[in-house]
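Each chain carries a letter (A, B, C and D) given by its place in the written order, and its residues are counted from 1.
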Amino acid sequence: MTINNINVIDIIKVMANAIAENKEYLTELDSAIGDADHGINMDRGMQAVLGKLPSVEDKDIGTVLKTVGMTLVSTVGGASGPLYGTAFMRAGQAAAGKMEIDEKDILAIFEAALQGIKERGKAVAGEKTMIDALEPALKSYRDAVDNNIGLAEALNRAVYAAKEGMEYTKNIIATKGRASYLGERSIGHQDPGATSSYLLLQAAARVVNSL
Amino acid sequence: MTINNINVIDIIKVMANAIAENKEYLTELDSAIGDADHGINMDRGMQAVLGKLPSVEDKDIGTVLKTVGMTLVSTVGGASGPLYGTAFMRAGQAAAGKMEIDEKDILAIFEAALQGIKERGKAVAGEKTMIDALEPALKSYRDAVDNNIGLAEALNRAVYAAKEGMEYTKNIIATKGRASYLGERSIGHQDPGATSSYLLLQAAARVVNSL
Amino acid sequence: MKKLINDPNTVVEEMMEGIVQAYPQYVRKLEGFNVLVRADAPVSGKVALVSGGGSGHEPAHGGYVGKGMLDGAVAGAVFTSPTPDAIYEAIKAVDGGAGVLLVVKNYTGDVMNFDMAKEMAEMDGIKVDSIVVNDDVAVENSTWTTGRRGIAGTVFVHKIAGAAADKGMALEEVKRVGEKVIANVRSMGMALTPCTVPAAGKPSFTLAENEMEIGIGIHGEPGTHRESVKPADEVADELLNKILVDLPYESGDEVAVMVNGMGGTPLMELYVINRHVASVLKDKGIKVYKTFVGEYMTSLEMQGASITLLKLDDELKGLLDAPSDTIAFKNFGR
Amino acid sequence: MKKLINDPNTVVEEMMEGIVQAYPQYVRKLEGFNVLVRADAPVSGKVALVSGGGSGHEPAHGGYVGKGMLDGAVAGAVFTSPTPDAIYEAIKAVDGGAGVLLVVKNYTGDVMNFDMAKEMAEMDGIKVDSIVVNDDVAVENSTWTTGRRGIAGTVFVHKIAGAAADKGMALEEVKRVGEKVIANVRSMGMALTPCTVPAAGKPSFTLAENEMEIGIGIHGEPGTHRESVKPADEVADELLNKILVDLPYESGDEVAVMVNGMGGTPLMELYVINRHVASVLKDKGIKVYKTFVGEYMTSLEMQGASITLLKLDDELKGLLDAPSDTIAFKNFGR
């Protein structure tokens, strides 16, 4: 199965809606262990992205993703802006020139995105960040692709793993980002960035499932 | 009937207690139409007066009252400090040198005190101030003395008139003091200064009645 | 009541100590009195300015003691005017032989206590005069009431009369300049929340979550009326509408603007207000010569703001621009 | 939420306009960006300083733009670090040919965004370096965490590195001085009340009437722990105890003190705290060279305070005393 540039634009739109719908929820999560702005930040960024999409409607997937990344970098701010911005910019590099992508392309794109986040944030799994949702998701997705399971199902498995990773963040102490200042007190609270990562992946899977 | 310097000191003590007991009440009245400090101001002053009383224990009534006045001037502040301070200082002048005072002396003292308040505050009856308690009280007292009614009963009548005057302040607009800034909004609230005046007179009457 | 204090009964004394320990280069305290005077007081041959009032208006008035502003500031209990004896001590400590001007805010208590102090100092042969600031347009001006209150506009009086004294003007001249400021300055304030006098322990009034109080003074008193909360621009309009017509301020006038926070308002909000003030004045053809945004005359932790306009002529502009160096009002002369 | 604003979505832009309209003699705004630069930027041949962070910390950082301190200040959304493009524009606008030093507070977001901007400016051939302030002793310093936060001590970095640049020092030297300040400055804060981000509409945490939060940051984050409210002296002790042992500050040392209000605290209370700080330092034989009491690095309307100590040597003393003329930090050189 492949998806084309129009599908990718659809995915971005559904991602923006998912963030808008969960703006308050993400902010509430951030108020428990951060500074109560993650939903606001992400929504500001995704709304700006929506405004940029018409200008890349007929462009290749690489350009679309790079535009999303650059828009996030210049509108989100905070920690999540450079992180998600870098992720989408790297994803765009990995998809440069393509009008269509298949399971394998998406694997490369996903890998590049996560790698970007890790380099920018100098964090690894287990530090109570978005990486705790994304890394297991990527692993599940890679396993599924290696086993030639279809794109839709592979993405569903990635979403499932992201959800588990997101929930796992409740049990651990934050050692990166603002929540790290809380030490032990961060235990029991779900990481907002892991949650937004789960929501973004879920949005992607939904669109692909509906194709 | 006469009262001596010791009785006057007792009166001042009972006055101080009455103010202390009503500190919150007076402040609450002032918070409705003023700046929520009348009880605090008066109590600070009367407590300082209590501290000064031992030094005038065997002095004449004029000295006692003048000391009370000077202490109030230098510890109360606000509007009530100069007003009550001047009242007691003028009362002290009227009682200068006396170790004992009778109904007539007390009339002269009371007149001097009220005159002092009026001069210092440039206010007249009907402006929703302590004068609205004191002026009717003085009138009742003067009538009683003119009719040769005894000191205790004359004071009781003064207290009764002060109470009526104090209650009357609920019905009128303030045109002097801080409450005047409220205009119509001051109606319905009892004036704190009229209330403290009533309490002071009541304290004096109580002591005399117990003699 | 949540406050970073030790004891409501000693809070003013402890504050005074904290100020002197922080800024000995600016002020010293008179032993036994809550009075701050210039570190170098008395300044010989210069007219001295003394102001004061209740505490709780910080940085007023101690923050304005220093070169080019006040020589002495007398602090009463919270929101309670100081007593004559303390004011009298301040007058004696700052008199440099050229006389002392008292800058009094128009409250019954302040006026009476400063008057008594003036009488005491005059008996000592000190030349004392006083001016009474009454810039608050919220309160109707009528001969049969106490008249208008003095609020944030007082700071312009300190600055400009202080500069006049610093320039060596005689007492009569300093008084004339101070009265010119008073004649040309108008203010009005509002509050989103009340404040709590430490000794009282509870707020002086209550406001619902959707209410604000318009026409407040600076002592936690209720204002002239209560309204539903509105956007900042509309709040600014409401205050400006009363201020502008009062003097009136008209096209072609030049003004200094002060957007003053009541103590608990974030600076961010004061700037949002100033944005609208600037645009309204521009629309009306009134030129803004200089603007001051910050906390100048507060009411403890009250959230709210006041707007002050001062109409300027060349003399006032020159004195407003003159150097001042105090804890809370520094001007390099630009 | 009660605020004097018009719209949470435009509050930062409107604040920026309000600042520029109030103080055109100090700052101008870069078109299209929430960036304030010196009215006379770029200053040719001088190392330029750029700082910034989320909004809501006013007067930081725009209030420190001017002679002797910052050349540019970048404002993000409320409590959200600014984006690289805005920081990049600031760098370009203030570079006077001698290079630009970025003063960054140690938050993941700030560090990443400033880093990206630095990379962008370096691609243009601009010499850029950065220093990261991490003065908050509330947070354990450990190599496997993000490290300590930057809070009010940052203002001393602005002042002193700014003075170094103003004196004509080269980028490397300005950086060395800035890092010396960072090595010698420690802070810790607490809150009696939370604050509300306008776009969030409700407080970022809640505290009971008898609770306070210790070890807060400056973004309305909860602190390291919660306690019953205590008298001001005990609160000051609790903060000082962690600060003093950390560097450590010892008998014979000379320090600058900053008692900083979080936005909603009356100045009165800050002075009460300073009184105790001064007395504790005296008891310990630590000499106070200079004290600053006021709102320097705030969290909107939060009530609370932080204490900062900076250990001084002769070089730092000279630079701390050097003249500065900015909206919120004026020093005549005394």
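The rule we apply is simple: contacts are C-beta pairs under 8 Å (C-beta built on N, C-alpha and C of every residue); 3 or more make two chains touch, one makes a residue touch a chain.
None of these values were measured; they are calculated from a predicted model.
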item: Neighbouring chains common to chain B and chain C, by label; value: none
item: Chain separated most widely from chain C, comparing mean CA positions; value: A
item: Mean-CA-position distance for chain D and chain B (Å); value: 54
item: Inter-chain centre distance, chain C versus chain D - centres from mean C-alpha coordinates, in Å; value: 29
item: Where chain A and chain B are represented by their mean Cα positions, the distance between them in whole Å; value: 75
item: Shared interface positions of chain C, touching two or more other chains; value: none
item: Where chain B touches two or more other chains, by residue; value: none
item: Arrangement of touching chains [line / ring / star / complete / other]; value: line
item: Pairwise chain contacts under the document criterion; value: A-D, B-C, C-D
item: For the chain D and chain C complex, residues of the former touching the latter; value: 2-7, 11, 14-19, 21-23, 25, 55-56, 58-59, 63, 192-193, 209, 212, 229, 231-233, 235, 257, 259, 263-275, 278, 288, 291-295, 298, 300-301, 303-305, 325, 328, 330-332, 334
item: Residues of chain B defined as touching chain C within the complex; value: 27, 31-37, 40-41, 44, 73-83, 120-121, 175-178, 180-183, 185
item: List of chain D residues in touch with chain A within their complex; value: 54, 76-86, 107-109, 112-113, 116, 138-140, 144-146, 149, 197, 199-200, 204-205, 217, 219-222, 224-225
